[in-house]
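We call the chains A, B, C and D, going by the order they appear; numbering starts again at 1 in every chain.
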Amino acid sequence: MIRFNSDYLEGAHPRILEQLASTNMAQTPGYGEDMFCDKARDTIRRLCDAPDADVHFLVGGTQTNATVLAAMLLPYQGVISADTGHIAVHETGAIEAGGHKVIALKNTDGKLNAGQVSECCRLHFSDESHEHMVMPAAVYISNPTEVGTIYSRDELNALRAVCDQWHLMLFMDGARLGYGLASPENTLDLPYIARTCDVFYIGGTKQGLLFGEAVVIRNAAIKKNFRYLIKQRGGMLAKGRLLGVQFEEILKDGLYFELSRHAVDLAMRLRDALRALNVPMLVDSPTNQQFPILPNVVLPMLREKYSWATIEQVDGRHTAVRFCTSWATREMDVERLIEDLNKLLR
Amino acid sequence: MIRFNSDYLEGAHPRILEQLASTNMAQTPGYGEDMFCDKARDTIRRLCDAPDADVHFLVGGTQTNATVLAAMLLPYQGVISADTGHIAVHETGAIEAGGHKVIALKNTDGKLNAGQVSECCRLHFSDESHEHMVMPAAVYISNPTEVGTIYSRDELNALRAVCDQWHLMLFMDGARLGYGLASPENTLDLPYIARTCDVFYIGGTKQGLLFGEAVVIRNAAIKKNFRYLIKQRGGMLAKGRLLGVQFEEILKDGLYFELSRHAVDLAMRLRDALRALNVPMLVDSPTNQQFPILPNVVLPMLREKYSWATIEQVDGRHTAVRFCTSWATREMDVERLIEDLNKLLR
Amino acid sequence: MIRFNSDYLEGAHPRILEQLASTNMAQTPGYGEDMFCDKARDTIRRLCDAPDADVHFLVGGTQTNATVLAAMLLPYQGVISADTGHIAVHETGAIEAGGHKVIALKNTDGKLNAGQVSECCRLHFSDESHEHMVMPAAVYISNPTEVGTIYSRDELNALRAVCDQWHLMLFMDGARLGYGLASPENTLDLPYIARTCDVFYIGGTKQGLLFGEAVVIRNAAIKKNFRYLIKQRGGMLAKGRLLGVQFEEILKDGLYFELSRHAVDLAMRLRDALRALNVPMLVDSPTNQQFPILPNVVLPMLREKYSWATIEQVDGRHTAVRFCTSWATREMDVERLIEDLNKLLR
Amino acid sequence: MIRFNSDYLEGAHPRILEQLASTNMAQTPGYGEDMFCDKARDTIRRLCDAPDADVHFLVGGTQTNATVLAAMLLPYQGVISADTGHIAVHETGAIEAGGHKVIALKNTDGKLNAGQVSECCRLHFSDESHEHMVMPAAVYISNPTEVGTIYSRDELNALRAVCDQWHLMLFMDGARLGYGLASPENTLDLPYIARTCDVFYIGGTKQGLLFGEAVVIRNAAIKKNFRYLIKQRGGMLAKGRLLGVQFEEILKDGLYFELSRHAVDLAMRLRDALRALNVPMLVDSPTNQQFPILPNVVLPMLREKYSWATIEQVDGRHTAVRFCTSWATREMDVERLIEDLNKLLR
């Protein structure tokens, strides 16, 4: 069985395991105050061209989103998100459990646009009722989005401008950031993101590490006492070094970007093949997640060899599915899938 | 200046004040454990034909909604509401501050329907991702809604059925319940509501009391230790008797319903006049709130004598406004308004 | 039956009810934005010699404590309190429900002292573990305390100094503030309190109003967007005018202080009588609450005419009780009680 | 430099790393629904003689405590803990951030006793004020405690009995459980603990894994929808298999207990040496943490070769410190320390 269900099916890139093994018996202070974390923090600051940034390592995405937003929001403030945003639908209400409303706006291909944010603020800050409504204070975007799309530099500039206008902070969830930066359509880079967002993170869990998300904070208000929040929200790993070791290994010489390109290249090959077969897509994604709408009739045959995530019934005869490539996907498996799709759909 | 801004512009019906004065020097235990509250609780149980109901008195609506939902929901559960629901937009995120997501569904004239609730549950309880999504556990409706519309017995029956199917509890916000029951289009009554909802409340603040909402609980799970939650959420009035005295006075001989009819009758007269003038309505409301869409050109003249709430700009030349009648509205003021509208719009 | 159970047994001073009646049909904006509240705010600023203070009116004490602390504390911060403090023991965990630890220190006659606060901070800000402990950010005191004692100017100066040293804010719960200021041992006054505390409140519920607490905020950080928190925590009264009317009436010409003196004078008479009878006191209180330790043998006889609050069994033969006077206590009732005590205990 | 600072200084036992490497490229479902987790769950149920137990794997201790207590407590309920309990002092208020009061009782050598719990309940459930106080609903103990002591079977039986009497649930934090079970003074075993506690966990982080805590739930009320809470609180590891692989490896053939014995044996040797030198102990611990009170004069010399955790200044000339052994401590390092102590203190 060849699995395209997600980008967290395997453990970690072998180099990560080797590095964990080679540092295993070193004695270090706990809680991220060790030399491995320090080194990884320096590497990230350098890659982001952000010498003043604070960098913290957390274990997983939901934990990271909840902790970062706890640092960004006062009790009466909320965060604006696309209605498809991970915090809006797939974190079991973690943000609300922290006391904050997710103000969900209708997405366009998984994205928010500046006009929506502006209109939302106009409504929430109106004279009549502002104190009776949650105060928007942050904008959450994911790049790539949950449906694989990416923000252009123009789109991000526009969001930044509307954030400045309404005194909002901008937070980018980069759980799959590498896959976004490796897209043929990408116009962003780490220094630009660090300059443009108040806070963002470089995802590790879905990008070749065992686990880990590296939070990069530029805004002083978010930096303040952030470690208290990590501890309180249960994200302070006793052996924090495990995060430092992993991030340093994958970032120090470009392995992160190399693995991301590998995954996206394979996804683009799959996209090309599906396009050539005139298979419609639920959303046009230029990254490692592909969402073809397949005829139900071919699914049983595919299911003998492959697995994937089912997204939704599109109509009585078609189903939207997700094929996900990753740092671990083998070229031959994608080729075999393409071959079988060609046989079944041509 | 004649004000139609809201139904909480004045103090209380004179009989309420008299009763507070006449009981003023009686010495009673605090926190709602006095004989006045006991008597009012009995009266409400009788009116609702619900001898087993628990009745609690709280001070205001936001407090009541937050406290009731704290009793209904476990930490990972959310409440389904129309996107126009008071808890969804006008309580500064009080429900989220209590840790719970408000799952907001698109309203139709301020209302939810059973089909939407069913579809929402189907999505949230799907195999793929149910643990990653908030678990729906309650449905919140307001009757009348925030835009003055009311649920029919058929609509409420359908909601009850879908709640039973998905193991949801049903909660009716009755901040303006009297104005709903007094509507010419009403098909509900207190015993039916008490039978059909797990919990609801009889609004006092907007219905002629100084303040106060009477919560009626049928479901044993919500009853349990409810007073702890009232205290914790800051709603336990030291001189709880003030609530008992007021509710007993307004309910004991039908004053509540009489005042409600008065307000609705005047609103219906205004509606008839607006209809006769072919003024379109933002929403067709059969209760004490009326939402005409007026030409901007007449607003300055009206503003010399009257005040109201502005809802939204409908287009460059029209504005939707809200005229609200109440237990305190004088017949002659509505007549004068109708006269002036006739002059300006005919 | 003559009741000394608490200072919230009756309604309100007659002048309060008269003023509510005489303003009853005035039409005002809701939520505390009316002229009655504005006037009362001005009166309070004048009495406190604090023209820059923000003044807000809330309904009850638990609600006020929870709302003020929500404005004072970030998520990882806690409040230091005596272990007898109302927030520590008698609010059903309202502060914790808002996410904050109450750091309870051992009381001395209901009070905290500066040395304790300093030691607590030294511990919490130590290098080894500060991020693993809650960060102290506020000190809560009540004056009078829950056991009737009061802070001297020297004690309060010392607390202020230690707060400044450790960057803590100082919050005084004045639910019974008038009874404190009317004590023969009092050395404080409103302008001094306003100068010394970051925030405090002037209690109304236990001091002759139907309900109400007037929060006086000096610190800009607490002032910011405070109304959002009032609304979110359920404390924004729709007919906010009721609070303004009451506070203005009781404060405009000194009625508040006159009623407080009345209660304390009667309590001091009772204290003198008990002292003359060599009755020991659980705590030596110079305000309206008295805590004699009475022989169990006299309790049944007293119980025929009087009621009170039982505090604790001191030993097999003695019980500590609380007799509470108030603005409403009649002189003759205290005289009768003294007479009976004399008969029983001499 | 030889470090005795804590039991989480190194990575993991080599067998753990090997197993992670050998399973690395297996493709599994995420979130703990894989075959490795299933197998480890079976192993734990077998070791606990608890075929009906639910077993969940979380990453760290604070996260585990917060998640378990979220499942145990309703909003108005609190948890009783020793004032030295980890949840009471060293989790940055994580439990309060979840809305619950930690009712901290004075510890005796880090432990709670049944009498204290009973007295606490008597007070909180008294007629006068129960609704105004947090309702105790759970008892939290750690075994070993934060100061290395352990509960006897008699002590635990007494706690269980008082829990039954007052309808409390019993929760054992076993972050160092192995070191407790390996103590020469231990009278407990896994099946007994599983029978006696409603929920407990088997610590991995401090016991030879990279990270991980295995929660064992017996009480059906805690079991219900527990995975929703894991996800919401940020503890659901995408590659949950990492936890299953590690726990299965360390538990399948007794490695866990072997490593625990190793650490405790070395600690007992150190204790014997300190006793022989008449060094007083801050607390008498029969597990892997030792708390000698050393003369300040010897500290600089020791500091040249060793590091440890400083606990507190006992007086002007003595300091209490903590030496911690672990699965990774080398025999020769303890011997060298003993030798040097003998030189310095004899």
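Things to note:
Just so it is clear, a residue touches a chain if its C-beta (ideal position, glycine included) is under 8 Å from a C-beta of that chain, and two chains touch if they have at least 3 such contacts.
Since this is a predicted model, take the numbers as computed values, not measurements.
Chains that count as touching both subunit A and subunit B, per the definition above, are C, D.
The interface with the greater number of C-beta contacts, when C-D is set against A-D, is A-D.
Rounded to a whole number, the gap between the C-alpha centres of subunit A and subunit C is 50 angstrom.
A straight line joining the Cα centres of subunit A and subunit D is 34 Å long. Spacing of subunit C relative to subunit D, judged by their CA centroids, is 42 angstrom. Touching two or more other chains at once are residues 75-76, 91-93, 97, 99, 131-132, 228, 231-232, 236 of subunit D. Of all the residues in subunit A, the ones that touch subunit B in their complex are 75-76, 78, 89-93, 96-102, 104, 128-129, 131-134, 309-310.
The part of subunit A that touches subunit D in the complex is made up of residues 1, 3, 5-6, 8-12, 14, 17, 20-21, 23-30, 59-64, 66-67, 91-94, 97, 205-206, 210-211, 228, 231-239, 241-242, 328. The residues of subunit B lying in touch with subunit D in their complex are 31, 70, 74-76, 98-99, 131-132, 135, 225, 227-229, 231-232, 236.
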